[in-house]
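Pasting a structure here, questions to come.
Just so it is clear, A, B and C label the chains in written order, and each chain counts residues from 1 on its own.
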């Protein structure tokens, strides 16, 4: 029983991780808490749904939707953040701007698709279930886990072994120095947003498939969870976000199994609150809280 | 040493460390009420660390800091300020979005009663900022004027001790000349002044005594004339004298 | 004139409540504190007041007092753990506090759970709400000339320099948090008594975002701005009813427009003309 819960926790954790990475990447590079991330998460899920309903095979639809999410992220930066960067607007302004963008995106999609919950068309994805020892695991769950892990590995490769990854890490470390070293700031930032939003969009598609439910308010719950995860793992740390995501998902599923579903959210925020008070840099983060 | 008077700033064997880095080691200094003491030294010698320790921004690793009989080294910043120790900052820290008048009034928060317009103007005059418009936004003033408003803000607290951190930086010779009169005026009004500076002309002109720091330690102490002739000091600033 | 007010009475009540909430946030923002806990304080007070009114028969005044006290107590308790947090970290911690409060409201047996708490006496209408709003506005206006108000503004500008002139920054942050909580608490109880029915979802992050939006649009540190911003943002969705499901786009677009082009909000625009 515990083992089954752990398995469920791992599948959930993988998706949480994809979402949280996007959050933490943008924070690490730009010191911005992008509250429109969850809106892009939702938009990608709808894009995949719509394409699938229009006849596209699921893998193709998902891929197109992920690219759409990435492009939406670049657009978001152009409209909501880049102008504020140009005028050195501080940390509150981008947060507000992201809220505005999130509301706009939410409003557009609610207008296009209505407020109701939608499902993927019959037969668009594998419904088989496997029994591995005492565990019951869906084929879909395995695919989701595989895709999520694959994306995380791809990101890890990009960050460690490519010039782009090096540039992103440099900008995250010290924006001014990076510019002085000749790194094209705006291009690096745009690509960071592409990657972060693509991953967030992928998370949206995968969650939409996992629960076979897509709605315009699906971003709301995970948005706050994402906050808890990046605090847990350390803001700005991608590895921390991944670790934090799995830890949180596991603790959540075990809590639901033992105490009950209604306390699930309290776990995330209780832990987050404690961490902020005691160790704001999180499990793995290098950023300490800002001095006054 | 003679018994410290009620408003003398006494620093005894002060040590300040940031992690493993020694910023100050075993530094002693007295700033008597009504006197001007200079603190000089090459960059990184620990001058601002000393001011930070006195004002409570950093906790000293060892040593005592006291104002008369009152020990300061364990007090929080705002309580040290309320006891009459004020400072200006190397990089000017005015309340930029507030007006000049509001900045100066903020300085007077610890003083009972309100600061009326006449008293406000008087403070600006004492800081040689009499021509500054009190309603102007502090952040919009030219650099030199901002420095002088910062001094007015410090004076508004009717301080016992004023710590000036490189007040002449960025000032032209005329402004520096006015600054001499301002600093002398502060001491004449009864406050002790600690002047951290690179401008040796200013230091020689106003200071009664000077302490030279190097790598966090006291290198020499005496009148401005004495330390200007001290070979250790010359070496610290200019390298081994070959001329 | 009167029929117009009557048929739109709910809207006017909403405007008043939202104006109170925006004022409560502006008090903390004035000190430079991004403490996003007003929705949580509103909810705590709403529940305390409502449970008292239904279970013990409190009248409106008692209900409001109890709710405000509960909110103040919560703020005083919250101030300690968040004392060293700033900026985004403070925002996230207070959002987290709000979520914890929401979960508590769902799970405590006395609150009626996720389905909500009902049968609250409907004895608060526009007079009570606008009375509270006027009182709060007056108090803030009278306060604005005091030394404490200057200390708050200085804290927002530069905390370290504020300490350097003797301002007890921790006390400023505590004081503004508690004062804001009291106002939010009053708003919460009035909301409950005006709406007869409350659920934990009324007081979660979406509500907090709404309050923040009102403050930004109105002008983050101005009392009049907070009230104007709340008015605009409450009326807006009604005014654009014709957009139907696309309604929210107008809210988001206005917010974006202000933050990008007029970050001082309506109050800032007004000051620029002067």
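Just so it is clear, contacts are C-beta pairs under 8 Å (C-beta built on N, C-alpha and C of every residue); 3 or more make two chains touch, one makes a residue touch a chain.
Computed from a predicted structure; not experimentally measured.
Taken as a graph of touching chains, this assembly forms an open line, each chain in contact only with its neighbours along the path. Put simply, the chain closest to the centre of the protein, by Cα centroids, is C.
Set against the Cα centre of subunit B, the chain with the most distant centre is A. Each of B-C and A-C has its own count of C-beta contacts, and the greater count is at A-C. Between the Cα centres of subunit A and subunit B there is a gap of 50 Å.
Mean C-alpha positions place subunit B and subunit C at a centre distance of 43 Å. Once the centre of each chain is set as its mean CA position, subunit A and subunit C turn out to be 30 Å apart. Looking at subunit C, one finds that residues 160, 169 touch two or more other chains.
Across the complex, subunit A meets subunit C through its residues 27, 31, 33, 79-80, 83-84, 89, 91-93, 95-97, 99-108, 110-111, 114-115, 220, 223-224, 227-228, 231, 235, 262-263, 265-266, 268-270, 272-273, 276-277, 280, 289-290, 292.
Subunit C meets subunit B in the complex at residues 147, 150-151, 153-154, 157-158, 160-169. Every residue of subunit C that touches subunit A in the complex is listed here, in rising order: 34, 81-82, 84-89, 91-93, 95-97, 99-100, 102-104, 106-107, 114, 159-160, 169, 205-206, 209, 212-213, 216, 243-256, 259-260, 263.
Within the complex formed with subunit C, the residues of subunit B that make contact are 55-57, 76-79, 81-82, 86-87, 89, 93-98, 102, 105-107, 109-110, 114, 153, 157.
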